[in-house]
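Each of the two complexes below includes chain A, the first together with chain B, the second together with chain C.
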Partner chain A sequence: MSKLLRAAYRIAWKDVVGDWRRRATLSSMLFFAIAVLVVFQVAFDPDRLEATRLLPGLLWVTILFTSLMGLGRVFQAEEEDGALEGLLLSAVPRGVLFLGKWSGNLLLTLLVELALLPLTLVLFNVDVWGQLPAIVGILLLGTLGLTGLGVLLAAMTQTARSRETLLALLLLPLTAPLLIAGVQALAALLQPGGEVEPWLRLLVIFDLVYLALAPWAFGWLVTE
Partner chain B sequence: MQPSPADARLQVRDLHHAFARHRVLQGIDLSLHAGECGVLLGANGSGKSTLLAVLATRLRVQKGSYQLLGLDVRESAEEMRGRLLFVGHHTHLYGHLTPLENLLFFADLQLITASEERLRAVVAAVGLEKFAEQPVRWFSAGMRKRLALGRMLLRQPELLLLDEPYSALDRQGVIWLNQVLQSYLTAGGMLLMASHDPERIAALPHRQLYLRRGRLVQSLEDEP
Partner chain C sequence: MIKWFSKWHGVVFVATLLTLLTGLWLVLSAPADYQQGDAVRILYIHVPAAKMSLLSYLFLTVASGMYLWRRQEPWDILAEASVSVGAAFTALTLASGSIWGKPMWGAWWAWDARLTSMLVLLILFMGLMALRNALEDPHKAARATAVLAIIGAVDLPIIHYSVVWWRTLHQPPSFAGPAKQTITGDLLPPLLVMSVAFILLGAWLLMVKSREVAARRAWETLETERLEQSHG
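Let's look at the complex of A and B:
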């Protein structure tokens, strides 16, 4: 492993280990996601056909709000004893710092999604198990961009007084195109004869744009 | 024979820094040679910490020039960060990690390869071997300071910048630090520290640098 990749890995490792030891972000994201799903189920009580129609929006809304919770805490560990200053004084490029922070958040969000997906299918009694790999692929593509932009915005709002509100205010409109593409891709996958490919292409484009701009913008943002 | 300023490994010329309209550093000229120790003395707000932060590359050089080992800060800040170590008022330690993990994190972000034996040796050298597996959050301020200062033992930096290094250290800690700094200087390192406590550094050969309202002056005798 190159030294720069090792540095990025170490940042992600520090965030994931820290979260595991403090039982902080992952558990609250998980409980929040389950609560949202249960509320939806009780409120709509959809039949199987309706549930299949609702599934794309339901999944993405839950993922969006759950990831907001995780993003609000991305830089929490860096508030301790000048740790952010320590990161900025390290010998690695700012882009590597971003890569590390993003990978840690991506991993936590994917872990929540991994638990969320089968739970949703069981709770709503939707029989799309045969399409599970494709669903996972779409969620993964959407999550790459969502967390990439989210970590950048979390860095931007880190010092704001009401940062979680500000983060939501910025993230929701900026990720709207990505979420629309994600919802439409899932909907097209689940309806017979639906065309997934154009939406997948859009997802990839959004991912590339967000993930190309975010490390650069992060470097600019954290420079005095 | 006195070394000439042109041979200096650290060269600062006409350095200025301001926070908004408040000018904190005004025309600083400073040079350090291998094995030399400079001690910044001055009242609160005289610019000592700001000067160290600029030399650590945490703050931008707004006007003037700063070169370390022939590297210019405007072109090679990243490379310079790998050659210097800054220990300020914050220790940059993560409370949920153990001393060993904190050192490993630091090593990876400074692109240093350090074996577990090396990390354990450093933890032992700072007198924390009994606490090697405990989270740093339970440590006293003095223990945290020792661990932060112990980073210099992982790899000798060319430039060591210390802001009030004796604060929080007990008598034994002061003796230990002076021994470490003496070895560091003998090995050719450059040290610049800010201190309000010149008696504690009396054991080290050093040059006193007086800062008043952001300017280096000949003496502080008429300081109010």
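Let's look at the complex of A and C:
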């Protein structure tokens, strides 16, 4: 068991460190996220009150679009020199390979979110600093399922023509429950008297379903 | 299977046509609704079409699961065909619902649970088609679309319930059983006949589409062989 976990950890580590050293995905995701924030500001020009109301949707839409950038590159390193075949030939179950790829992407996405969150609050002038830990918790819950489904879809579209468009076409409708629950949970948190708990439950259901299903589905996808 | 389809699709076509004509005659001769007027007749197309789009997805899920389990090509042919059939029924559901919604709700569209789920279903069918077209290797395409179909089957109920919790203004279902019967006796026969007609229509479309898919695949195999021979 610990051997398998170590294998997953090695795969995740190679992705995160490789990315950190090349400053590839991380920096482009972060700057893309900032660009989305600028687009929102210019498009809606919200005042303080509107900004508080818009914040949940704005955060989630930015995260969703930004995660698409990262997901487009999850299997990029594996495409060159038959690296994917190498991974598949190693004595590690397919589900563990998925776990490794997923946790690497999860870590990168979370890093971007941690940078994005204070930036958004500053740029949009929203004073919810007191609830920061709860907001981070909700983002974390949503990101678990988002990256789980996303990495699976990235594996599915990896060799497809115009794969990044296809990835967006597949991911956006399937994440509808996540978006609804994530936005509603944040909105309930920021409103006095809002009920957060039912939406958290929906987020947890989504996470559990995808994290249980995705390793199996990944196994079916890559078998020859 | 395809041979069986080739033999019987004509019979199914005639049965579909007869049932559909009978159904339409019943729909047009049924009394107009005292609240909805003649617009209620749209529902005799809308409701069966909606049932058929869900049934198509159910069929697609079964075919995809069987393909992943057994790896036999006929299951994949059925899966590919049911995606097209399902997309057609879903589009018909959304279009007929919109036409009915304009006079009844005063709007072509409302973001209610069932409408939103149906729209997501349509996008999912489109995504399944796009995925199959975008993958060169037919085996890979078969596997990827089968996995995506199953993911969608798991996701659709979650989508539905999350939108229900989010908001709902749609009418309660009309087929909810004798205790909650919300439709009068006069309107039931045309609805039942139309439902049977749509099931037959779905079966016929599936047969025809499967034949087309099988023929295209056979042609592609021949084409590859021809190219290999001319190079070799």
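In this text, the second predicted complex is superposed on the first by the 223 of 224 C-alpha atoms of A that agree within 3 Å, B and C clash if a C-alpha of one lies under 4 Å from a C-alpha of the other, contacts with A are read in each partner's own complex, and residues count from 1 in each chain.
We take it that a contact is a pair of C-beta atoms (placed from the backbone, for glycine too) under 8 Å apart; a residue touches a chain by one contact, two chains touch by 3 or more.
This structure is a prediction, so every number in the text was calculated from the model and none was measured.
On the superposed chain A, the two partners chain B and chain C both fit, without a clash. Seen from the CA centre of chain A, chain B and chain C lie at an angle of 90° in the overlaid model, rounded to the nearest 10. Once the two complexes are overlaid on the shared chain, A:L202 sits against chain C while remaining clear of chain B.
In the superposed pair of complexes, A:K3 makes contact with chain B only, with no contact to chain C. Shared-chain residue A:P118: touches no atom of chain B or chain C. Look at A:L169: by the touch rule set out above, it reaches chain C but stays clear of chain B. In the overlay built on the shared chain, the residue A:Q184 is in contact with chain C alone; chain B does not reach it. Look at A:A91: by the touch rule set out above, it reaches chain B but stays clear of chain C. After overlaying the two complexes on the shared chain, residue contacts for A:G194 are found with neither chain B nor chain C.
In the superposition on chain A, contact is made by A:V17 with chain B only, not with chain C. Closest CA pair between chain B and chain C after superposition: 8 Å apart. Comparing the two complexes, residues 223 of chain A contact chain B in one case and chain C in the other. Considering their complex, residues 149, 152-153, 156-157, 159-163, 166, 169-170, 173-174, 176-177, 180-181, 184, 198, 202, 205-206, 209, 213, 217, 220-221, 223 of chain A touch chain C. Touching chain A in their complex are the following residues of chain B: 56-60, 78-79, 81-82, 86, 88-97, 101, 104-106, 108-111, 113, 135, 144. Those residues of chain A that touch chain B in the complex are listed here as 3-4, 6-7, 9-11, 14, 17-18, 21-22, 77, 80-83, 85-93, 223-224. Listed in rising order, the residues of chain C touching chain A in the complex are 68, 116, 120, 123-124, 126-127, 130-131, 134-137, 140, 143-144, 146-148, 150-152, 154-155, 158-159, 161-163, 165-166.
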